[in-house]
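Before anything else, here's the structure in question.
Note that the chains take the letters A, B, C and D in the order they are written out, and that residue 1 is the start of every chain.
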Amino acid sequence: MALSRDQMAIRIARELQDGYYVNLGIGIPTLVANHVPEGMEVMLQSENGLLGMGPYPTEDEVDADLINAGKQTVTTAKGASIFSSAESFAMIRGGHVDLTVLGAFEVDAQGSIASWMIPGKLIKGMGGAMDLVAGADNIIVTMTHADKYGNSKLLPECTLPLTGAGCIKQVLTDLAYLEIYDGKFHLVERAPGVSVEEIIEKTAGELVVPDHVPEMEF
Amino acid sequence: MALSRDQMAIRIARELQDGYYVNLGIGIPTLVANHVPEGMEVMLQSENGLLGMGPYPTEDEVDADLINAGKQTVTTAKGASIFSSAESFAMIRGGHVDLTVLGAFEVDAQGSIASWMIPGKLIKGMGGAMDLVAGADNIIVTMTHADKYGNSKLLPECTLPLTGAGCIKQVLTDLAYLEIYDGKFHLVERAPGVSVEEIIEKTAGELVVPDHVPEMEF
Amino acid sequence: MAGFDKVVNTYEEAMAGLEDGMTVISGGFGICGIPENLIKEIKKMGTKELTIVSNNCGCDGLGLGILLDDRQIKKMVSSYVGENKLFEEQLLSGVLEVELTPQGTLAEKMRAAGAGIPAFYTATGYGTDIAKGKDVREFNGRKYILEESIPGDFAIVKAWKADRYGNAIYRHTAQNFNPMAATAGKITVMEVEEIVEPGELDPAQIHTPGIYVDRLIQGTFEKRIEIRTVREG
Amino acid sequence: MAGFDKVVNTYEEAMAGLEDGMTVISGGFGICGIPENLIKEIKKMGTKELTIVSNNCGCDGLGLGILLDDRQIKKMVSSYVGENKLFEEQLLSGVLEVELTPQGTLAEKMRAAGAGIPAFYTATGYGTDIAKGKDVREFNGRKYILEESIPGDFAIVKAWKADRYGNAIYRHTAQNFNPMAATAGKITVMEVEEIVEPGELDPAQIHTPGIYVDRLIQGTFEKRIEIRTVREG
């Protein structure tokens, strides 16, 4: 069965390491913060200028001057630091963030990603997404494997305007965990009960399937 | 008679305006701080990261962590700020300093300046001088009009390695105050008792002399 | 005003000299740390054909969004503009031009403008539509695009406290784009919640040195919250 | 070490991994704010063929100058190196190579290295020997040269206080090149006068966020003064 949003977050959380500085995008990536393994510490970077994002505030703690990149009110964690947008993106662009998790509309077999614009609909802007995908070495893209019409989002080549070219090496979908290299998708794990055939069918880009594809365990 | 070092500093201090942020080089430029006109405030920028340099410390105040760009112990003035070298040169390079005063070996009629290196002698380095002359719009160069052998330091073209090309518009020597434009030196004022003839004789670069050249008053 | 005292007493004085067609750099992220009252003054002045450089364009009725009502903005340079109906209308009808710029590139363009750096290379946007018409160059086997700085005629910023000399500190994440914006204006206008005397702020803890600030005014702020998220107490 | 605790207990651990031929970026201006003990450790290690990027090369018997005794430095990238006899000898005899770099360009090269900017344009040095072999480009009628960033294998910096996570503040003008150096090393080692617990420093007042710091050690410092100038009390 396809992974739930929470299962996707749980699977991603297994990629965390103790002492990681992590930037989590909006949506499923945000949920990863709820599943940091016991005894492990990670620090969340919010690109508006906060390293060490804490939980949402209580009613009493709400402060208009303390928000995250999603414009939500937040708190600071112990050992946080606050800085300018230039410093924040120096961190990001300079490759100092250990892991970036973000959503996408499409990913292709060259590691290119489209996540910010659907022509014809309103252009809202890329925010910090282009900086994040260009700056990080370790990125996990999270999205459904196919759209609601069953069309694959893992393509030979992205059809939408790119957020970044050739920068994605790992994708977690609701069906599978895949790596991208040598211009191909490589199937690494599958969701519990999801067949390799279904993944092959829903992957439009070239897919390499090993003899044994382990099921994720939850 | 040629100006004394203090008179040179006094003359330069007349170019100060209330509220000026000023960077003063080593030597005669440093003396300018002693001659800020009554009722006028200027703030001294020291390129190692201090805006609002105060006087030297008393014995009790000496602090190894508080020095100026000349590596001397200093104090902070009221309303000072302290920052990194990158921020300091952002200020300088970005043209935020109102006046820069520095010494030189040679200046030429194109406004180029040589101030940091004499080949054959040891190369000590340019420090912040190249940044200062490139960043400031308002620069006064201060030096003796001729060297100890009587050779002019105001040349058709600098002979020493440049600190900056075409960036100097004002020079105060011990003999005269000159402006540089249209590829020529323009005599503006002369030191008390110094003849126009002496200035002409000691200026190797093309010199424009107006009908009347006022004497400086002290 | 004498010496380094940057304080002005009215918003008219604060924004004096702003003219049609000028470029205004603004601090703020979403509606956090925005110069609310300076923007209101621009609305009151009715200045037109403005190019506004700001990460966002406020939201309905607050922040830069209020300059859309009377079509005061000709062009926005922003990274994200998705919070405003009127914005969408004006964009689709061609009244408004938008230059979308990645957030980190935008921050760096402001900083570069203030720091005398006319252009810099970045990997951000390489291979995307953002790179169109821009120089590409390879360093150590990776491709980068050349991005130019954005200087402003005016910069409008909001800080928490400043001394009369304009030495300022920001509160929490209301810092965001404000420090870079402050460096990027020919005239930089700062509004703050509290003006203190020179010497009251620790020199080593100043976020924006007063050298960047031309005019300083104390105001009161609505500080609306865009997305109020809370947890159980 | 677990989580974000960057503290190491010995200088051996602090500099572990430094190898012959590596590039080391160092904070400090003159002998103010230099990582005295990290430099002493490099001397003790005897690592050779080092490229050192630092505004100055210390002075006789203190700071980077002590690495000259055993010819550990192959190349210095500095803006000013005029305080050291041995330096002069090694330079003239060809043992030592020097790449003189304007001070502001040097600071920006370190910052750029940490910020993922491979190169930037600056007017500094245009038309001088510094510009030789460098790209020239015109922006708005003025000529600029292209300067590349300088990343280091190691960065060694000195701060005043840091919490165990490496969030650090500097004291007075001992800040200087340290914040940029801290961002520019593959491995950044910071020594401080005092280590405090996370949460003790105000998040908005951190000069160097801990993300840049890999190893942190508390030391004692000589803090010699290069030019002691005093006025009557």
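FYI, a residue touches a chain if its C-beta (ideal position, glycine included) is under 8 Å from a C-beta of that chain, and two chains touch if they have at least 3 such contacts.
Since we're looking at a predicted model, the values are computed, not measured.
Between subunit B and subunit C the centroid-to-centroid distance comes to 35 Å (mean Cα coordinates, whole Å).
Chain geometry summary: the mean Cα position of subunit A and that of subunit B are 55 Å apart.
Between the CA-based centres of subunit A and subunit C the separation comes to 29 Å, rounded to the whole angstrom.
Shown for subunit A are the residues in touch with two or more other chains, namely 76, 82-83, 89, 92-93, 134-135. In subunit D, the residues touching two or more other chains are 108, 111, 115-117, 122-123, 171-172, 175, 203-204. If you sketch which chains touch which, the pattern fits none of the simple shapes: not an open path, not a single ring, not a star, and not all-to-all. Chains touching one another, given as pairs, are A-C, A-D, B-C, B-D, C-D. On subunit D, the positions that touch subunit B within their shared complex are 29-30, 32-33, 55, 78-82, 88, 91-92, 98, 100, 102-108, 110-111, 122-130, 160, 171-180, 207, 223-233. Of all the residues in subunit A, the ones that touch subunit C in their complex are 46-50, 55-60, 62-68, 70-74, 76, 82-86, 88-89, 92-93, 112, 122-131, 134-135, 161-166.
Put simply, subunit D touches subunit C in their complex at residues 108, 112, 115-123, 137, 139-140, 142, 144, 148, 169-172, 175, 203-205.
Against subunit D, in their complex, subunit A makes its touches with residues 18-19, 21, 40-41, 43, 45, 51-52, 76, 78-83, 87, 89-97, 134-135.
Interface residues of subunit D, counted against subunit A in their complex, comprise 1-4, 111, 113-117, 163-165, 167, 183, 198-199, 203-204, 206, 209-212.
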